[in-house]
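All chains are identified by letter, namely A, B, C and D, in their written order; residue positions are counted from 1 within each chain.
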């Protein structure tokens, strides 16, 4: 028999609302749908809208303003349009990896969301090593993009595929080093354990609770930018250099999936940063009076933090020019890695000196 | 300045036909087509610095092509040499070895006029479409109706006004 | 990397363009790549050949400027100006001081507009979307000025034989003053946002080096050559339209040559925007009174003869050769365009650079394909 | 050592410049002063787009012809570089001025160079401020300003009018030819001799 409470706390939470005779697998399926529909559709829609409006703001344009009030339904219209368009495919139909690439990549990116708790007990997969698991899933998502670009039969796609490998290399080491730093201070290897030592108030966040975690935050933020291939590190799909890179051969619905993937990657990065450094869903005040609704408030608080981070990402994205391939590697290997190693070293010194206590505990 | 140079050239290459033309607005030194390399090579060393080749102008005159080389000195003065080539077998010596910038200009003239420089004829076109028939800048060029089945001219719009 | 090493490497072939490139117009590059490195790049032009020189032989003299300005649509004043100067030489007309001053003003305004458009493509080539929008916003101000003065935003057909088509309108001078006042602080903002940004400068440094010897042997002129240390400015060397007054100013404010790379070419253009603003602010108050257009004979005939005159366009030395047989139409028009001489140097410039640099280098050369093809 | 110092310095400078770039875009985000003003025009709407009446007086839009002023002299046809104007004339009610029955301008060909308006001796052909030239059928791209072919009734009427006018003219001339007048003229001519 499947013990829902152990493998998937969110499903257990959902099952308390339903009759007890239901099969646990059915409950898992229902909770997956409940979890992913707002995430996949609502957050992506909000992110896309935000990206467009911030770009419009800073470039003195108007942005979407035709479909619906303030153009909020532009995303729906775009989705419909791209799905109704003809899906033209390159000649070599055997390259199923090319055709399935965007969907597979999205699937792996979505899997990475499973173990991040958005509120107390609100996470779909209970894993002991979820921090490393998320890393592996992120690499796998990029690898599927690599395969799809490599099999696209386009020179620019192949160029882009080699750049994806470069981006993975540039992202992995600093990302893992900053994760190790967190594991060192929190003593746990999963999100649940990292969140357990954080609190709702800003000074109890991981970002400020140790002097070196801010360094880790910076390193992780930059490495996640490299992973996403987001400006200023948008070497993977730069329009002027390689004409869209891995997305050059896609059209119609596959193009839509590529666009979703970009938004999802941004959301996942902000999820990670919120969960690891910004206190996750912990609310500054006591929420006991709300009973079971407390978690909903927590998840809303979580999303608020996520969207603030999304906004900052867009702000940086529209202000900076693109880096070159070697600048990305330079930045990753000569700046991020040394900085994170120094941070790692300082953390060990701090922990040894103050017996593992954070700044908040000392005061 | 042209006169001075003209005298120098005349003295040096006394056996070839050299004239100073000054009746059209631009003072030109006329040289024969077989002497281009020789005389222009001398001109390139005559001044302290090699004059810049500004442009090469080909012109269709009745039964011959006239080709003018416009040079510019560092001081800003213009120096023009003119030569002629037979229309039946238009050939000229290339000056691309002395002035590398001449290569593109000569190639353009070959495409548009059909003058072959140094006997090397390019098979593919640079400016015109490949397999373009005819040399368009000639005066007797008849504009083709189509190119590979694509019509050049659009039927002019005409509104019919009903006559009573 | 040594040459021998390059030969043994496995290479592959890729097309760059003709659509989607960053030159103004369809420029195709046939590139042989080795990994991310460009081994060879051969430019292919001809996608925009309109046969302007041939068409010129069928048009009346009066109608020629409206066609010549399409040769380089980003700095169309300079084409018409060169043509008008050449025809005026043939007709032996003296232009009134007022018309000359107006010509100088529009020519400098057009230069600024063209250079700002260059900055736009440059910013786009380096992925700075926002900055490129900023530049377009400011080019709009100059377009509005032109709209007020000439009635069009890009194809002005303003400079004509004998002067200019129409006189300065009321309020044009004030509006130009406002525009100059607006643009000067904006240059500071460009510096903050883009030109001093290390990401931007580092990716342009040491890419696309244009040697001075190449400039001289291929006679490359304009900002590209000036950035490479080959100072050749028609405005200073053989002044026209009253540029005599600014000869010293132009010769004095030369940027010191450092690397002659893409970044230098960008900085040279920013410097030239400043220069042009300076010239404009002096000249706009000095427009003398008089007629803006000389009276010409009604039959529209041009006396027999030949003439050749050059101007400094936004991209370099723009020359027009005019031959008339005394009739209503021209016998032969030949255009000497600055971008054409760049064509043979582009492979040398691109060789050894990375794929990421190609858009930046091409944009920094400011190649106008419509000029090459004609 | 200096190498490492240079490296650190480069990182410091680049960090500073990047922060400066990010700072430059702040006023545009939060809309300080005139910086938040959108420069895009919502074209078909009249909210912010410039409409024909906002354009400067010299703006060269689609050609228009005030046909009552037009004399059908063909100056515009002669000068047009793309030959987009077609004029057909007939003898009209007045002898000096012909009846411009067809005056077609092919907007799809017109390059809006402004030469015809410059050449027009009567000032009837001018550029309007209209710039919207898109139509559903290519035939509609021809702007017709002509008065239309003259019908036979019109021609008949003009002939009659002309005849009456001629008669009136003759009578007036006769009335002026009074005997006194002829003598006076004779006197004048004598004096000259």
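Remarks
Heads up, the rule we're going with is that a residue touches a chain if its C-beta (ideal position, glycine included) is under 8 Å from a C-beta of that chain, and two chains touch if they have at least 3 such contacts.
Predicted, not measured: the structure shown is a model, and the values here were computed from it.
Of the two chain pairs examined here, C-D and B-D, it is C-D that is joined by more C-beta pairs in contact.
Measuring from the average of all protein CA coordinates, the nearest chain centre is that of C.
Averaging Cα atoms per chain gives one point for each, and the point farthest from that of chain C is the centre of A.
Averaged Cα coordinates give chain C a centre that lies 30 Å from the centre of chain D. The mean-CA centres of chain A and chain B are about 64 angstrom from one another, to the nearest whole unit. Computed centre separation for the pair chain B/chain D is 41 angstrom, with centres defined by C-alpha atoms. Measuring from the averaged C-alpha position of chain A to that of chain C gives a distance of 46 Å.
Counting partner chains per residue, chain D has residues 18, 21, 24-25, 39 touching two or more of them. Annotation for chain C: residues 130, 137, 193-194, 197, 199, 202 touch two or more other chains.
Residues of chain A in contact with two or more other chains: 58-61, 318-320. Interchain contacts give a graph that is no line, ring or star and is not complete, per the touch definition above. Those chain pairs judged to touch are A-C, A-D, B-C, B-D, C-D.
On the chain C side of its complex with chain D, the touching residues are 59-60, 62-63, 66-67, 130, 137, 140, 147-152, 155, 157, 165-166, 169, 189, 192-194, 196-199, 202. Residues 10, 13-14, 17-18, 20-21, 23-25, 39, 55-60, 78-81, 111-115, 118, 127 of chain D are the ones touching chain C in the complex. Per the touch definition, chain C reaches chain A in the complex via residues 12-14, 20, 22, 33, 35-36, 123-131, 133-134, 137, 193-194, 197, 199-200, 202-203, 354-359. Put simply, chain B touches chain D in their complex at residues 156-159, 161-164. Against chain C, in their complex, chain A makes its touches with residues 55, 58-61, 155-156, 159, 162, 231-232, 234-235, 238-243, 318-327.
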